[in-house]
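You will see two complexes here that share chain A, one where it goes with chain B and one where it goes with chain C.
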Partner chain A sequence: MAQSERGRNDSGDHQYEEVSLIGKGAYGVVYKGRDLKNEGQYVAMKLIRIQNTEEGMPMSAIREISLLKQLEAYEHPNIVRLLDVRHTPVLSGEIQLKLVFEFIDQDLTTYLEKCPPPGLGPDRIKDLMYQLISGVDFLHSNRIIHRDLKPQNVLISSDGQLKLADFGLARVYGFQMALTQVVVTLWYRAPEVILQAQYATPVDMWSCGCIFAELFNRRPLLCGESDIDQLIKIFE
Partner chain B sequence: MSDSSVGNDGTEMPPVSYSYCVVPDGTIFKTCTGEESDEDFVELESFVCDTSDPQAQYQIAIVTSENDGQNTPEFTSTEPSSNLCDSGFTEFIVKSINQQCIECASRYNDQTTPCTCSYTDHDGFEDYLTDIFTHRLKIEEKHFKPACLNHQSEITEELRTVLIQWLIEIHHDFKLYQDTLYLAVNIMDRVLSEVHVARDCLELLGITCLLVASKQNDVFPPEMHELLEKCDNTFAKDQMTKLEMIILIITEFNLLGPTVQQFFEFYATYNININLEDGTLINRLKMARAFGRGLLKFSLLEYKFCQYRPSLLALCIWKAAVKCLKTCDDNFIPPGMLIENTQYYQCLLDVDQFIDNFKHSYPDMSAI
Partner chain C sequence: MFASGTQKRHWMFSGAPEIDLLRREANERYVNAFGQKMDSSSKREHFLTPGEEKLMMRHFEFILSSFCKKFSPIMPKYVQGTALTYFKRFYIHNSIMDFHPKDLMLTCVYLSCKVEEFNVSIGQFVGNLKGDREKFANIILGFELLLMDKLHYHLTVHNPFRPLEGFLIDLKTRYFKDKPESVERLRKNAEEFVEKSMSTDACLIFSPSQLALAAIIYSAGEDGISLDNYVTSVLLNKTGPEDIKKMVSQIKRIKSLVKNQEPLHRELIGPVQRKLENCRNQSNNPESEVYKRRLEEMFEEEEEERSRKRARIAKEEKETEKQLLGY
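Here is the complex of A and B:
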């Protein structure tokens, strides 16, 4: 209800101001923005355009929002916060959906790039891994598989807090569940996914393992160029 | 509020072009398909802005703009409308229920359902079995809307039954993931408890809920035009898109309510897991599970069953299935669940009666 309350107080969408482009996701653009109602606090805004000619609201948006909404109540420290969902008309026949997240300075990739040689100390790595695993464990115990864990989706705040983001591919598992095979960015993809076998929560753990190695090496562990190449690299 | 009757008593005022209107306090925003779409958005906006106001009343209705003598869209196009009113209606329902029950129970029994994935709810996630259950119990309340028809003037229990019956067929035709059906009904009930829905919109509401649920659950949800064809193209895609948005706003994107089926699967799996050494008992329990799954689907049709919390209803169905198959679950009580006795016994009684009705109209049921 808090959200609709907020929504009621301003008719147009003047609450959030775009500052700069952060990146382009699978189904939308991400901006850094300011929340003008909250002392100009920085937020990350993911914009999704929905055209009338398409199939309504994209599946990934529905899943991401409903998942985050469900997790909201727990305020888990290692999951990114969804602050607000807005929709505004842009052109005729088009609706723009705006997901407002808390703003986190950088993702794990940039964090590792910026990190001066010889890289992260064992204690730092231990701490990051602990946070990563507790985030994943929390998801799994809430019957969610992330399915797209990679350094780009792992955010690190300025005070060293790790947060999982981008739930566009995540999904809730359940009875008689059919799962797509095309999940997880290739380099972090578990063999059972590549081999198109049954998969479940362990796919996230595989990705965690890849990230673990990357924390030490400061480069991805297995950089396959194709499905087959990735498999060969795994078994080498 | 009297204006709304324009769209509702369809026979006299057939529509030429119509659009969804959300009506706070009886004011109708009249829009026609094809007109400036800016206006439509204003509606959506104004609707969102008012959701937090408990005093306001909302409606989902089709507003007719002109008359030209065309026929109004019938409520459920796949059913002859006479079924709704004449005495054959109940028979029709019971008959089709029975056919479906046998069909689906046998499908569950021979375990040949084509499925590329894990067969039970918890395959591969055994470590989290109880965690997940506790989590579902915790969020259950938020997604549970009993008495969802209390504020509806045009939607009756019978209409809801016919609609769900029709949704079951569509769900079957598209071979959607089982839980999609339960989720769709849950979403629909929640929408019904929040806004007033006109009779001629109910069909679109049902199918759009199925779409939303399917987008949540299925790998390949049906496309909008396929679903619209199922309604004999009575509605425009544009209307569906808008209603979808309205559904998402009303439910505030909280689409992951636990369903009866998820609870049921937990109870069954839990009991099967603790009795793994006993081969004969396991077989009986598995049969109870198959029987219960059949019952579950038909419990959706009964309005009185949506008065019980899903976890309780699922438990009663499990108990009833166990009793029917003369097996035993050692007075199983789900871990961490508080059961209120009066409600529990009332629910058990209702389920028993439900099964009795079944047996009555279809004696072969006991063979399953």
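Here is the complex of A and C:
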């Protein structure tokens, strides 16, 4: 009875094995892994360590995960698939959360590096930008600011589909929420962020603009070396 | 949004028969696992039947609701709604005998407070309980991760309260334009209807907006007002007759589900509760020796794992040293 599958774990039976380290960030570690129960399918596993407080799991983390799950149910074509959420039993005051994403081995940086001269044609750029904006639009209509859009977390699948990844810093876009500064990598950072002014969804559009230029030039548009330098480059 | 979220996709069922079937399966799984050597008559005597499980669920749903109503500071209704939804979802695939509802009930409310951003500390939370508060805090925190896992982190719940507010505003602005104050009179009965619906499985079968609409239609009916015209020519004025028919039958289903609830047979609760004490899974009972021993073992394992790691690192360091020294 197909209906009775409802309410069971939507992600099914899995067993993950770490293969190699992909990257380290402030939030945790990312591994390339395989799902042994599903023909060794490759996955990307993001391991996050959360301090388990006297209050249990922090509210912000719980809300973040339920938001990711909520977005996932929509299966937007330009958002990287979240396949599974796991936690490993912990005792010494920490919880290890494992977020399992689909594995896409190419980001926009590599894609552009591999692209032979004279670079991408206008049609390809148009298509990529359309997909990028669709993904960002989806996030914004769900009250999320990505805040860290850059070619490193824009992924390109082998069939040319663009997917946004790494919402590690995304928060629900609420009005009363004090948004923290210093989140966007310098080169793609909007002036209002650098100036520590109030900011909202337009900061992602700024990053999109920087990426747009990069698709043509195949090098970053504004490579500031410091906050001040970045501002000078913007206003030059 | 409800239409694209986890609630519609993973936690809506076709009706009471489907839910009952799943709960019966959960009951069977437990009985088969723990009663391997028993014959069927002693199984019946020892374990809870699906009917008895249902009785326990309803009893603890009632306790959960009264706990929320008496909560200090005053708890918004949607926190209670979300907690009840977690509770009902949890016991679709898990037997009451496996996890005692008195433990899970508190964990559901605590998790709901966090997800709905109703800020209370664990100290404040257990302050609403009588008895050993530290013990309660440990139980809640001990089950928090398990609960989230069993709910597959589908924690966003859409309650009927918000669409109900929407219907009230819509009625004021589009239907009773000349006497908007009369709409407020519908609020009390409608809210009561929604609350009554929370003691059924309605939230697992119907969308929150359908429940809210049924509530407002019911309340208007009590007041001698018919909202048929509002529904067909204002709310659904671009909808085809087929869909209107479907909607009307859904509203009828909701009304009969909410109004024809069997009364809770309180006299039966005591004996079933005592039966539960004997057949519950002791390894999930925070007060049992088995549970405490398992926790200790996990600690020890972690300790062993750590010392293994230390030994490995020490060995690796030695190897590198050797290489550096050119042995």
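Everything below uses one rule, namely that the second predicted complex is superposed on the first by the 198 of 236 C-alpha atoms of A that agree within 3 Å, B and C clash if a C-alpha of one lies under 4 Å from a C-alpha of the other, contacts with A are read in each partner's own complex, and residues count from 1 in each chain.
Here is the rule we use: contacts are C-beta pairs under 8 Å (C-beta built on N, C-alpha and C of every residue); 3 or more make two chains touch, one makes a residue touch a chain.
Quick caveat, the model's predicted, so the values are computed rather than measured.
Enquirer: Quick check on the superposed pair: does A:223 touch chain B, chain C, both, or neither? Answer first, second, both or neither.
Expert: neither
Enquirer: Classify the contacts of A:95 with the two partner chains as first (chain B alone), second (chain C alone), both, or neither.
Expert: Once the two structures are laid over each other on A, A:95 reaches both partners.
Enquirer: Touching A:36, do we find chain B (first), chain C (second), both, or neither?
Expert: Neither partner.
Enquirer: Now for A:70: first (chain B), second (chain C), both, or neither, which partner does it touch?
Expert: A:70 sits against chain B and chain C alike.
Enquirer: State whether A:200 touches chain B only (first), chain C only (second), both chains, or neither.
Expert: The first partner, chain B, only.
Enquirer: Using the touch definition from the top, say if A:57 reaches chain B (first), chain C (second), both or neither.
Expert: Both partners.
Enquirer: Of chain B and chain C, which one contacts the greater number of residues in chain A?
Expert: Counting contacted residues of chain A, the larger count belongs to B.
Enquirer: Share the list of chain A residues that count as touching for chain B in one structure and for chain C in the other.
Expert: The overlap between the chain B and chain C interfaces on chain A comprises residues 1, 3-4, 7-8, 11, 55-57, 59, 62-63, 65-67, 69-70, 73, 85, 87, 89, 92, 95.
Enquirer: Once bound in the complex, which stretches of chain C touch chain A?
Expert: For chain C paired with chain A, touching residues are 4-6, 8-14, 18, 21-22, 25, 89, 92-93, 110-111, 114-115, 117, 119, 121-122, 140-141, 144-145, 148-149, 152-156, 298-299, 302.
Enquirer: Note which residues of chain B are touching chain A in the complex, please.
Expert: Interface residues on chain B, with respect to chain A: 36-38, 41, 44-45, 48-53, 113, 115-121, 123-125, 128, 131-132, 135, 139, 177-179, 211-212, 215-219, 221, 223-224, 237-238, 240-241, 244-245, 248-249, 252-256, 261-262, 265.
Enquirer: State the interface residues of chain A toward chain B in the complex, per the touch definition above.
Expert: Spelled out, the residues of chain A in touch with chain B are 1, 3-5, 7-8, 11, 50, 52, 55-57, 59, 62-63, 65-67, 69-70, 73, 85, 87-89, 92-93, 95, 140-143, 172-180, 198-202.
Enquirer: Write out the stretch or stretches of chain A touching chain C in their complex.
Expert: Within the complex, chain A contacts chain C at residues 1, 3-4, 6-11, 54-57, 59, 62-63, 65-67, 69-70, 72-74, 85, 87, 89, 91-92, 95.
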